[in-house]
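The two complexes that follow have chain A in common; it is paired with chain B in the first and with chain C in the second.
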Partner chain A sequence: MFHGLSLEQAPPYTVPIKFYLSGAFYLILLSIAIIIYGFSVSSRFDYEVIALTHLLTLGFITHVMFGSLFQMLPVMLGTPYANVVKNATIIHIALNAGILTFVVGFFTNTALLLYFAGTLLMGTFFYFALLSFKTILLSQEKNTLVQNFAASFAGLFFAALFGFLALLGHFGFVDTLRYGNIHIAFMLFGWVFLLIVSVSYKIIPMFFVAKEFPMFVQKRLYPVQLALLLLFAYAQLQEKTLLLSVTQLLLCTSVILFALLSILILQKRKRARKDVSIELWYFAMGNAILAALLYAGANVNLSFAIGFFALFGAVYALINAMLYKIIPFLTWFHLSSNMVFDAEMGNVIPKKKMSIQINLYYLSYFFFLCTALSPAFIIVSATLFLFSSLMLLLNIFKAKKYYTEYMKKKVVFE
Partner chain B sequence: MNTKKEIILDVSELEAPYPLIEAINALNALQENEVLIFRHRMNPQMLFQNISALGLKYEITKEDANEFEMRIYK
Partner chain C sequence: MTIKDFMTSKHRECDHLLTQAEDFLESGEFDEALGKYAAFKNETLLHFTMEEEYLFPMLEEKSGMGSMGPTNVMRMEHAQAKSLFEKMDEAYNAKDKERAFSLGESMNILLQQHNLKEEQMLYTMMNTALAENAEEIVQKLQDYEH
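Let's look at the complex of A and B:
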């Protein structure tokens, strides 16, 4: 008979779920914004493109990552975040205020809103990064996994700093292009990549009964990646073209090697069962390789295609796959720690609903590719993604409802 | 400790959350004269709080890539 978990470090269930629901909400906004503005964009420097990109990166990706870290980091470290409910609420409010003013600021080209948004977002990211660093410092646990997480926070710190500087450039204070490129590199190859890597080290063996990533990779990849990013920033700022190309190539090599290694580990897993998350994981890794190859081969700045494959094809898909493993586990985990023992992880979100949502995403992706033939496909694609995002939101709500209903069955001991 | 009866629990081929469920069940059933030999493919980070909450002791006997073993006793 199962007698429950003892998980004093974990935050309340509502903390991560609130971030996940907000993330899915921004995907809906993104789909609607693409329907409205999708036809009028032509370059990555268009303000509409910057707004749309950040609806995905800040709205969805950051929300999910912050929510997951509030849950995962304390459990791994054995040390809780200080005042987790209060701090999570402050960060959630500040992040949302920042994202909304940032996006509206770019759509309407309003300098005041952009200054406000930039300051608020930078403050929020710094606050979250410092709060996380403090939690790590207070913990006795300083294993390789924790070091990987700390490296991703360093990536976040620099990405936020250069993002703010790039924003100042939109008003002529600094060279936006250079700072913008450094911001993108730290955000994608630092914060997002290293966080995905860290979470994969944990999730792949845990949920897919697969082997762990080699310790050599776990110990060496993150310092190499951080060193390369610093070199990249130096080369950008000092206009060292050759060094820039070399670091760009090496950063992409890390991504490709990691993607290939994770595919290999997943293919060799002990219980090779059909699973929507696995298929989505392969799809994401394929897109990551494609984006990295394009970026490594291109002697120009990031283009639409690279951004599409990297953000929509790889990062979005991978996070979607992770959510369908993390949310059911999280729901079961919190119910069990509340002495509710008849909850089943497999029933938290019905598999059929996950599958429909993911298939809608695949269709949306396909029609996005078709925009190369005719821009009209953008409407079909965005509409499909709107339905996919609505389903994702409903699926997360379903998990929350499952939790609420089972909590009513909680056994109260006198 | 050497005279205690050994109970082997190998969860290395189970996916989450079953290793945790099996382990906690075994911890709760553990008797004074028994030692639980717990085997998994990875370090079971979430289990340690349960071990300490139940006032049990543990000793990690193997922690390599894809192989983890510990002895848990009262």
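Let's look at the complex of A and C:
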């Protein structure tokens, strides 16, 4: 009856931290690459822009999402990842090899590297999606939350597949643009959006002692979103222009409704204290709404501005907020479950350091908007973001150092 | 009322007391904050006692899982919470707002994820394994309050 039941599902501290540190490292690479290439790019279809975008999406976003899932999925669903340390290591290595060859491949336009990177990345994503599916299937409960997570992993699966097809297009096998659009839609509206949605259902009531999201939203949103994505893919492949515009509009509507709902719920939260993570959440949701409004009425080929608002304004901000919630807690939790009771969460990463980093990010965002006036502002923006990213990396290192130092105390104590 | 319903409602009551304490803290009403914090601490510790001394041993016996399984992890987390209470006592008594908030944050996340595991797994298991005596058990749990 209680087969496979264990409450000790959390992986060792080093698993998520390794992913977070790598993620922050790619942000530094990204800032430097923008300083070097930022002036010379003109459209989102430039190879340099594809490389830069993927430094953010693969380098940072994917790393943090994978690292957090290894940590949180088991707690939320009550089932552990199989061989988590080994699997996390394999995925970490494959992901990094994939990202580096992918980015260098695009910067240098080397077909062989891109073939290699595409295969490796698709394999990594498939492997992670399957591993997570397996974890989900073992869960005792087949509740709404489990289904939501499954939907987001399905999104990841398709997104990776179409990404690979789009990559083949760069060698002239298929129409890159079409496959690229489907890839982006599945990534943003499928994997990323549904993952954020699933996590929010659980995390917002928990962290902020707020109301649950309405049950019909939890039950209906993900199947609607998946159905819309399949329609989108069909319309894009068959060139049904009207259907394409309608699905595009509806996909954006879901995002806007969810963003507004989450703001509403957060405003009625019981833990009334304002902190940086709440501000970042509002900022991210504002950006998500803006991006969705722009995309709802636009040409299906995502523009540069929409990508900026969606990725840098919304997804990045959300992840930054989440990191500052989760890392101090994880550090403290792992210490105190090792019987080290002197540690305090508030001392893991100094509050001031977190807010300086976040303000640097806001400034960088602001100066990026100024590039509408003069392209030269890109250098200011990228430089500020370089400092922000360095600080983020240092802050995560601080947490790790805090952990190591307190763990040493334990040994001395015994 | 099932065991799960009863214990889950107790989790919510404790959540509520902590947020009330923090609201008073925020507005600088330290005496009221201290009062609510004390109520939160008492309720939470009582709840731990109900689980550790009454519910867990019963479940361990009925299910044959023994005391080294999931219930042991729960006891471990209770100990983590108790270590936080010691620090929160200091912070509340010293009227150290920042520290009290930061410890309250740890306490909140710790308890939320702890409660989640209990509600999703242990209490669900209790509802099944201890179904026959549910009424009597809930009655006994209610008596703990007095």
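Basically, the second predicted complex is superposed on the first by the 400 of 414 C-alpha atoms of A that agree within 3 Å, B and C clash if a C-alpha of one lies under 4 Å from a C-alpha of the other, contacts with A are read in each partner's own complex, and residues count from 1 in each chain.
Keep this in mind: a residue touches a chain if its C-beta (ideal position, glycine included) is under 8 Å from a C-beta of that chain, and two chains touch if they have at least 3 such contacts.
Quick caveat, the model's predicted, so the values are computed rather than measured.
In the superposition on chain A, A:L264 makes contact with neither chain B nor chain C. In the superposed pair of complexes, A:E344 makes contact with chain C only, with no contact to chain B. By the document's definition of touching, both partners, chain B and chain C, reach A:F333. When the two structures are aligned on the shared chain, A:V85 is found in touch with neither chain B nor chain C. Judged by the touch definition given at the top, the superposed model places A:L138 against neither chain B nor chain C.
Contacts of A:M76 after superposition: both chain B and chain C are touched. When the two complexes are overlaid on their common chain A, residue A:I36 makes contact with neither chain B nor chain C. Once the two complexes are overlaid on the shared chain, A:P214 sits against chain B while remaining clear of chain C. Residues common to the contacts of chain A with chain B and with chain C across the two structures: 1-2, 5-8, 75-76, 78, 206-207, 209, 270-271, 329, 332-333, 336, 345.
Those residues of chain C lying in contact with chain A across their complex are 15-16, 19, 22-23, 26, 63, 65, 69-70, 73-74, 76-77, 80, 83, 87, 98-99, 101-103, 105-106, 108-110, 112-113, 116-117, 120-121, 124-125, 128-129.
The part of chain B that touches chain A in the complex is made up of residues 13-17, 20-21, 24-25, 28, 41-42, 45-46, 48-50, 52-53, 65-66. The touching residues of chain A, when paired with chain C in their complex, are 1-2, 5-8, 75-76, 78, 140-141, 202, 206-207, 209, 270-273, 329, 332-333, 336-337, 341, 344-346. Against chain B, the residues of chain A that register as touching in their complex are 1-9, 75-76, 78, 205-209, 211-212, 214-215, 270-271, 329, 332-333, 336, 345.
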